[in-house]
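Listed below are the structures to be examined.
After this come two complexes, each holding chain A, first together with chain B and then together with chain C.
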Partner chain A sequence: MRAWLGHRVEGLPVAAIAALGIALAVYPLVATLPFWRHVVIMSMLYGAMGVAWNILGGLAGQVSFGHALYFGVGAYAAAYCYKVLGLAPLVSIPIALAVSCVAAVLVGLPTFRLRGHYFVLASVFIMEGIHIVVSNWDRFGAAIGLEYPVYKAKGFADALWHGQFQDKLPYYYLAFLLLGLALVVFRAIQRSPFGMFLVAIREEQDAAQSLGVNVARCKLYALVASAAITTLCGTFYAQYVLYVEPSSTMSLVISLEICFIAILGGIGTLWGPVLGAFVIVPVTELLRAYLSGRIALDMSALADGGIAAWLEYYARGGGGNLDILAYGLMIMLIARFQPAGVLGFLRRID
Partner chain B sequence: MRYLATVAAALAFAATAFAQPNEIRIGLLYPTSGAAAKSGTETLEGIKLAYDIVNGSYDIPLPFAKTAGLPNKGGIKIRLIIEDHGGRPERGQAIAERMITQEKVHLIQGAFHSAVAAPASQVAEKYGIPFVTGSSEAPTLTERGFKTFFSVTPTTEDIARDFFTFLDDLRKEKGVPMKNLSVMHVNDNWGSSLAKAAEGNYKKYGFDKLTTISYPVQTADLRSEVLRLKSDAPDILLQASFDADAILAVRTYQALGFAPKAILAMGASFATPDFMKALGKNADHAFSHTKFDPTLIEKRRASGAVNKLFEARTGRSLWDAPAREFTAALVIADALNRAKSLSPDDIIQALRETNVDGADTIAPYKGIKFNEKGQNVLATGLITQIHDGKHHPVWPKDLAAKAVVFPAPGWDKR
Partner chain C sequence: MIYGQVLVDGLIVGLIFALVAMGLSLIYGVMNIVNFAHGEFMMLAMYFCFFLWILAGIDPLLSTPIAAVLMYFVGVAVYRVLIRQVLQATMVAQIFATFGLLLFMQASAHFLWKSDARTIPQSWVSGQFQLGGLFFNGPEVVAGAGALMTAAALYWFIHRTETGLALQAVAEDAQAARLMGIDSDRVFGIAWGVSCAAVAIGGGLLSTYYAITPLSGARWALPAFVAVAIGGFGSISGAFLGGLIIGVVQTAGGFFTSPNYKHLFVFALYLLVVFWRPYGLLGRR
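Here is the complex of A and B:
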């Protein structure tokens, strides 16, 4: 037993993983305010998406700037099935996964045979294309989006069937499960021969191919696995926010946020994206909540007050964007001093 | 070092400000980052100005200006809790929930983007806290029939109704037939809602054909769209565009010889100084639907003074969105002042009983009165037309400053 607890999963002892997992599971029971739960829910959601992105981007070295497509497919499938077809999330999830698989194959099949940056370009263009189509398609609410009818559930089972909860707690544990699932899938792939093929492709595609690795097919499978988890995250998002619209579900901004999490956390590692998400998401949310403009101040003092006036304006949170400045600074510092991501920094301390 | 001291002093100030007990807390949910950062920040300044006027003592002919604080409530002051949502629905939702559960706000005002107002007001409805918007104009917001949601602004549905009523008046007055209508719009939720509203109304107002053409946000070329318009040859064009694409569109109309009898634009993009500067004579005769115009200063007695205060803060004249949210803020102050207590239910009841005369606002609205869905039924806008590089209100008649030029002369006859 003791030996097993001391076993390390990518540098982290099993005992520590269990402790962190339990801490995360107990957290919402201590933090009862919705906002504090929300911050961790979003961290887990983005963590799961970062881990999913990492299957393709980290293991196989195929950078996707279009992952919001799969997120959007999940969100829209859930919202459309619920609002228009009256289908419960449990029914819409397989539909969402099927659509997202098809989308992944359509993106991957032609581009993975090519070398270089074609996949990166295709991932962006196809996402933007679908974004424009959805923004124009009345069936999907066009640019206005789809808003869920709010459902007042009778009991927990009913709420689960409708995927709508009044309280944040069930959402919290669903996000927890999503993150767990993403980590298990990543780890399973990483340790399988398939995962080794992916790493071989990343390191030296020609050598891998000459040793008999079917490069295009391996990349495609990695994309499908990655897209499937991202789609699950999308359905969760739709059920959580109860509103989907094109620009906050399948735009480049969301895609970049997903890969930022993985890259800044530590690309190609198991824990990197989780760490990235748990640094970036709370920092963004807290900076915004406490610095983006808490106290009313007018802009007039800025005209002739010089830097001191600006600093005071920002310090008082006078509607300025100090949160975004701080976020930018954080990204620059990580990129400058820790290109291996936050995880690399922790490893060095170790 | 001096800066550090300033920062420290400011933080200390911030800390003491939170401790004030006897106050009304209003959460403001607006974008100060993202694509609408600039408009959002100015809108926020308009709102802050309104609450400063309520809290302080100003010599302006507006309710609550002369007295400091709310008179019926013993001069109680309003404190604002402001947070940026950057145009993201999930953020707006989280912020609304945080404001309600942690900041214990009595009321939320938001959100500029209709896409953020929708989920954020869902949260407010869940907690039974009133949510008032002065600028989110998607008609779907009030159609949900929420008990806590109030919209002071005209919706796009109302804007379309204004356009159609105005066109109907013109048709009768000038005897010019109008049968064929087109809508040209930027493809976001604001633009598409105009197309939707036109679809629902065109037959009722005597048009027999409608074509809608949309183009992507931040486009660089509109030739194919304009060629389609030209082949449809509508009598009237309704348009929803942002600043840069409004200019591009009119240039393309002229280049390709597309000349409808009138262009009616939603929002302020066809009446900005940049628009008139860039297009010169070709800007003339375009109509805009707006909710504020500096010429209102003669018709709405408080507008001039408010405009001056706004200019002192931002260096810009008051415009549509800040003026509308300013108006909403005063409606909120009025309801808070009348409310029996500061419990959410009493505030909602007071909002429901709102009856403000248009003359007591700076907006062109006939007044403010909510229907059972929380929509202001007296929210009419103002239609302006450009003459010689300046825009003038032409509708409704009682606020008109100049006669209408219709149909517009062709591009070569200007």
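Here is the complex of A and C:
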């Protein structure tokens, strides 16, 4: 038993993993304020997406800047199925997964022939193109998006069927399960021969090919697995905020957030994205909460107030976007000082 | 006639895209870095011209050269502080360095100056005229002509001056260039400065008719990436050609369907070109 507890999964002893898991599971019972639960829900959600991105980006080395596409597919499929077709989430999840698989194959087949920046730009442009289509398509609410009709559930089973809860607690444990699922899938792939093929492709694609690895098929499978988990996260997100719109689901900023989380923690590692998510998401959520509590001053009133008025204006968040500003700064600093991510830094200390 | 008008409008817009794309391609050709924040330098130049105009009444045509000189030094500074340290890093780290810069600059503009659109309604070049049955907008024509002149100057600089030849030598083989006594670090800095100065001229010229918001630069840079890619990363003349193509495709696409969809055609064009030729039209491996 003790030997088993001391067994390490990518450097982390099983005992520590169990302790962290239990701490996460107990956390919402201690932190009863909705905001603090929300912060961790979002951290786990983004952690799951970071882990999913890492299958393709970390193991196979294919840097996708378009993963918000699959997030958006999940969110829109759930919202559309519920609002327009009246389908429960349990029914819409398989539909979302099917759509996302088809999308992943359609995106992957042509783009995996491209290398380097050509691949990165293709992933961005495909996502941006679909963003434009969705934000002009009235069936999907165009730029306004789709809002869920609020459902007053009778009992827990009914609420689960409709995927709408009054309390944050069920959402919390669903996000917890999502993160666990993503980690298990990543670990299973990482340890399988398929995972080794992916690493071989990342390290030296031509050599892998000449040794008989079916490069195109491996990349495609990695993308499909990665997209499927991201789509699940999208469905969860839609059911959680009960509102989907193009810019908060299918935008470049979301794509970037997903892969930055993986890179900040340590690209290609199991725990990296989880670590990254629990650093990035709380910082941005706290900044957002800090700013939304303050009323922005009217700029026209500033002219007579002098420097003091200007200082107050900026202290209250100025024209906004302070969260993105901090975010850009963090990205630059990591790229500049620690491209291997936080885990790479910790490993160097070892 | 309508086709002629769309073609001419597209080419005029295309000249600006060409200028933006040439700066991007210059940096890529010399040091294999895609500067995602390229448009943000343009946006800064636009705000610079706007504030000089509203606070001091200086015409954008006069402040454009000042903006270019300023942006040259901003570009060199960005190279020294941020880019030099990621030259040897992975592609992902390089992308994040410039993408972080993009978010940082865009959000800073948002924070400092709000997202309200600002315009310069009246300048020396305001007005419209008609020529051979085609309608022309004064600011757009001047911007196109200015972009063409800057592009020509850029081409001359790269192909006819000693510094330009050093740039080409470093682009070809940085190691060999170093052995020939070329200081590649200095050359990289100059490439950043020149690239940012060029895009600043584009921004200054645009400020005479284009609404200025924190996102204005990105609106011009995103299609310019397509121009660079279809021309072949690193090819200056390819980028120029790509810019003109993008201008026409975007204008025609927006005109015949809806302006909302104009970028869609540009993205589709990118995908078509790279699926057909994975290294662009004039690009090499």
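Definition applied: the second predicted complex is superposed on the first by the 292 of 350 C-alpha atoms of A that agree within 3 Å, B and C clash if a C-alpha of one lies under 4 Å from a C-alpha of the other, contacts with A are read in each partner's own complex, and residues count from 1 in each chain.
Note that contacts are C-beta pairs under 8 Å (C-beta built on N, C-alpha and C of every residue); 3 or more make two chains touch, one makes a residue touch a chain.
This one's a predicted model, so the numbers in the text were calculated from it and none came from an experiment.
K.L.:
Quick check on the superposed pair: does A:35 touch chain B, chain C, both, or neither? Answer first, second, both or neither.
P.N.:
A:35: touches chain B, not chain C.
K.L.:
Return first, second, both or neither, reflecting whether A:132 touches chain B, chain C, both chains, or no partner chain.
P.N.:
In the superposition, A:132 contacts both chain B and chain C.
K.L.:
Just checking: does A:63 make contact with chain B only, chain C only, both, or neither of them? Give me first, second, both or neither.
P.N.:
In the superposition, A:63 contacts chain C only.
K.L.:
Once the shared chain is lined up, is A:245 touching chain B (first), chain C (second), both, or neither of them?
P.N.:
A:245: touches chain B, not chain C.
K.L.:
Is A:263 touching anything from chain B or chain C once the two structures are fitted on A? First, second, both or neither.
P.N.:
Only chain C; A:263 stays clear of chain B.
K.L.:
Tell me which partner A:147 touches in the superposition: chain B (first), chain C (second), both or neither.
P.N.:
In the superposition, A:147 contacts chain B only.
K.L.:
In the overlaid three-chain picture, which partner chain does A:288 touch, first (chain B) or second (chain C), both, or neither?
P.N.:
first
K.L.:
Name the contact category of A:328: first (chain B only), second (chain C only), both, or neither.
P.N.:
Once the two structures are laid over each other on A, A:328 reaches chain C alone.
K.L.:
Do any residues of chain A touch both chain B and chain C, and if so, which are they?
P.N.:
132, 135-136, 299, 317, 319-321, 324
K.L.:
Of all residues in chain A, which touch chain B in the complex?
P.N.:
33-35, 38, 42, 132, 135-136, 142-145, 147, 150, 166, 237, 240-243, 245, 247-248, 285, 288-289, 292-300, 303, 307-308, 311-312, 315-317, 319-321, 323-324
K.L.:
So in the complex, which bits of chain B are touching chain A?
P.N.:
Of all residues in chain B, those touching chain A are 2-3, 6-7, 9-11, 13-14, 17, 28, 32-33, 37, 41, 44-45, 48-49, 51-52, 80-84, 86-91, 93-95, 97-98, 101-102, 114-115, 118-119, 122, 125-126, 138, 140, 144, 187-189, 191-193, 196, 214, 216, 312-315.
K.L.:
With touch defined as at the start, can you tell me which chain A residues reach chain C in the complex?
P.N.:
Per the stated touch rule, the residues are 63, 65, 110, 113-118, 120-122, 125-126, 128-129, 132-133, 135-136, 253, 256, 260, 263, 267, 299, 314, 317-322, 324-325, 327-337, 339.
K.L.:
Spell out the residues on chain C that touch chain A in their complex, using ranges where they run on.
P.N.:
By the definition above, chain C touches chain A via 28, 34, 82, 85-86, 89-97, 99-108, 110-115, 214, 222, 225-226, 229, 233, 258, 260-261, 263-264, 267-268, 270-271, 274-275, 278-280.
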